[in-house]
């Protein structure tokens, strides 16, 4: 039996403890590692322009992943974000031909909030599992978008300069989309830690019954949460269409699974009660860099997907191992 | 059935893509314009060959007179086509061929599509240089056919090398990120061949402030507009009309009327419009149509096969709507 | 008796709904008959196997997002192996592909257990992996299927002892489904292994303390899911005659059918019957919408609405039942 | 039992991150012995049990079974070595019915049913889903299942804590008979009465270390408590009689804090009426399943009343959600901590939860600090592992559930068996806290399964039987025998001067669960 006070904690243990208390650090290390691998494979690729491009593509993904982070904290998920973002982008692009851009943007966010609200009412009031509720509503939204599309075929579409500036532009080498994203991320991160609403998300995800006994009306929180998630998805769609500049009927749909992956890689528990938005942002960056890395790898497409899958798994497994109790 | 009262079923397995949406609108417009179609019965969703089997069988149950189908792949839906033709239903496959002999085929020649564009590009480069090869969706048979055409052209130009081959999945956003990444590597290349994800590629060059290289795309309204207007852009659009669906309706109606064509297969060969020669520029200028959705092919009709007006296809209304 | 009704109440309700839908179908299309039921059964087959695979994993407290990709792998493997091979060789192919399915499922399960990453994340990653594998096996749709295999799910079955009037209504595809699911599910459900699967999904800690080998049980559940997915992949090859490397729309459909069928996402509760009936309901709704020649875009809206409304109604019924 | 020991564990250590659950624990059990394992909350008793039965791996330590070195990696392996445990938490699979639960563990049904009957449950539907059974029944079934496979060493972790007195008595009987056949039992309980009535020896754990092994004989309690707590002071005195309560000084005719009239809910609560005065601690006494769950459910807003009315400070109140009850000043402390806590969140977030329920906006951190720290201090919560509440021991977790309401400023506290499974020091702290609250003008409604608590903390007690109030007793005559008689629905004896501390003669009549 050691009797002295534990002064000499082995360095390994100390490192582990440090990493566990700072779960962002290993994620960032990993991100840097991927960038280094990329630079080794394609010397010269990591330059100012590439970094700006990566950030531009990571931002819409990170905003969509914020929807997953917030809903996953309560033990839910939002599978409608891909189509909601697309709806917003498409509605904006078609409305802008007849309206002022600001009005078109406002109009385009309306369906996003409404879909979110419907998700929230289903999940919060009728207690439908969010997976099913958001899946069902994404089907409904897909159909609705197609119907809408028919009615506006003659109007054409356009991307307002302001959104193009936001999505694609750079000022002194810094992507303009950071103007929107930095405050947004700050609000989400602080909101989760320092507001009653943020605390309630964790509380509901951890133990809804306990929250209820403490006087929390969970359904209200859930309804607001999913409406917020819809709004965020709508914003992501607008930023994305500003970046891609081609409003299609499936614009952001391929981002759905990556948005879930970004939140999970970032350390948010899919069972609720644990996680945060900081990790999600790094997760989105990791995924974006990984996509580039696989693009520049000259291997068959099949092998590329296999690698993508295994790398996601390896990253999450490493993160779980580092952050869990030893 | 007597004149003017045909019911035509439609089966399509990709939803939410401009080309396919145009195809469906062409089908509706042609059905209306023909005056011989009483109603359309459209099964239109994202699914695979097995799902298309289901849709075709449902259409058989619904008692349609003819089925216009854009097949998920050339072989997978043969059993249902056979069942339909056995039941006396006329089946017309559009866009892609099917191997079932009892069906009529009115298809875009995908191999030729790729060959034509690639050959033009390689000639443009003087038979020497490197190109970025931006394919469609991995595992799709149309992509495979186009690959065959591209490889055929490549074989004819030993001086051309493929610097980079990627699958865009026919997604605008993926294509844009991929080309931006590649531009960022700084590795020089001389041309880009795309499988129809084209206007975002031009955007990427413009936004990155790098010199444009020759780009081959499809006749999508957005890209055609760029070929006409973007300073310094050299490129070509290869036609791949979505309006082939309307042609399919015409063929089906003709067969129902008793005018069975001599050959069961009609391949619609693509055209190439480039902006290098005056002739090509004239064609492009004539084809350009800024009022169309950028994802829609500008060839909104197939000469001799369709007789609807532009207003009709944009209205996208079928009989009884 | 009441015990049975209470336990299978949801499935019984779904069955009533299915019968109602069949009657409606007959009203819409008076010609709807044996051939219609036959194509319904064939359309339901791949969905049913995908759903069965999902059911067992969900009962074990997990979820498998890689089911459609595994179906693609087994489908292209079968089609590629049978291409140009003899009819008899197809027997070997079938056995091989079933084993392949079990192996893939086991890999999923082992990764879930070893990495301690939540199931949904592991199988999300494996979705990409299996998709890649399928593409490496066949880069475009192709291959072939033995004629006898294709014939298995076509037409109606003559069952000895039953009059022709009845057997004329029983499609072979339905029989194939019942036999394949029954052979695996019935012995499993009543065995200790089956109970263990329920136990692990219900409360893994309590299961561990009850002496259940939790990890092994999870791996088994995933392996059985892989087996069902392989059956689904085979069915795809049997019905289309080829293999296609791009996964079909079976993943989300399987999750929807599982929930509609009364299996709790979270584990431990539900059975196979309800979800399979739900598959038939969803397919029949599709048929009805086509028969009614509803605008295809509205069709998507209707399908989404039905999903949401049925689950909401189910929730309300369950609440009513509990408070009564 | 001197020669050959059945089980011999020594030097067992186990850490959870920074928390050392066990530092150097040892335990020796001989054949035919009932061995008590005692210690304050968080001393490491449950952890030791889990290690002995393979549910948790130790960091180090040596376990000998019948003199042979054994490594047990799972409860299943432990069972094969003859060690079976009934853990502190129910271990039946909630979604399986009882029969399937038995099949899962390979438990023979006939012996199981025999034990179930011996343990006082006459009617058991084997096809009932475990989730639908009350906690007390689940505990009994756990025990019966363990007994049915005839273990050499039976480990009971706070088996009696969640049981009503009649069932607890049966358990003690069964344990006694168990060791008569040469089998051993390791018995964990916070109730000294049970330990002295049952056990041969006791191993005392303090802060994860074995600090002593004593033979249980008359007067050994003081010694155990001393070992347990490591101090000598303040222990001779019990929490003492209730202070002169505010209730007694109350002027006539003042409106009560809470007036309940003809309340009925669910199938069990039929017709209950009583008043809770300002500054009063009112005990509620009932056997298992007499409607007390429903009563507290209705008062806390978690379920709806069918009949009757509730008046708070003279105005009628209707609660559709706990939030309504909280707004009316009625706050609820459930007995099951799992129901009340956010296990993955910090102590701070748990305590501050009720504030967030009403205020979704930015949190005033400075104000929150003051309130939370005040509550932690007042309840003396051990916050070494405050990052996640699940790392606290049971007693400290229970304190957090109360601290939450102390921080809010409580008017009426509804406590449902708040001292279940809590060590004696913590209990006393909670008692004096309740008295203090009452003295400050709060009211407390206290359901307790430990009858002696009525005289320790309450001013009065209402006894509920079959969903109705059968008696209301002032604390000075509410000794255990009187309460017990009333709880069984028997009329009050004419002379009620029973001797405090004498063992109540309960469990004799075959009482069934559920309303009479």
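For clarity, chains are labelled A, B, C and D in written order, and residue numbers in each chain start from 1.
The working rule: a contact is a pair of C-beta atoms (placed from the backbone, for glycine too) under 8 Å apart; a residue touches a chain by one contact, two chains touch by 3 or more.
None of the values given here were measured: they were computed from a predicted structure.
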Counting C-beta pairs in contact for A-B and for A-C, the higher total belongs to A-C
Chain-centre distance (mean CA atoms) for subunit A and subunit C, in whole Å, is 31
Subunit B to subunit D, mean C-alpha position gap in Å, rounds to 72
Chain-centre distance (mean CA atoms) for subunit C and subunit D, in whole Å, is 46
Subunit A touches at least 2 other chains through residues 142, 146, 150, 301-302
Listed in rising order, subunit C residues that touch 2 or more other chains are 134-135, 139, 295-297, 299-300
Among subunit B residues, those touching two or more other chains are 15, 138
Chain-chain contacts, ordered by label, are A-B, A-C, A-D, B-C, C-D
In their shared complex, subunit C is touched by residues of subunit B numbered 15, 24, 39-51, 53-55, 57-63, 72-79, 137-141, 143-144
Subunit A partner, complex, touching residues on subunit C are 111, 115-118, 120-122, 124-129, 131-137, 139, 252, 255-256, 259, 265, 295-305, 307-308, 311-312, 315-316
The residues of subunit C that touch subunit D in their complex are 3, 192, 195-196, 198-199, 201-203, 205-213, 268-269
Counting only contacts in the complex, subunit B reaches subunit A at residues 15-18, 21, 25, 138, 164-167, 169, 171-174, 176-178, 180-187, 199-200, 203, 207-208, 222, 290-295, 314-316
Contacts from subunit A onto subunit D in the complex sit at residues 1, 194-197, 199-200, 202-203, 206-207, 209-217, 273-274, 325-326
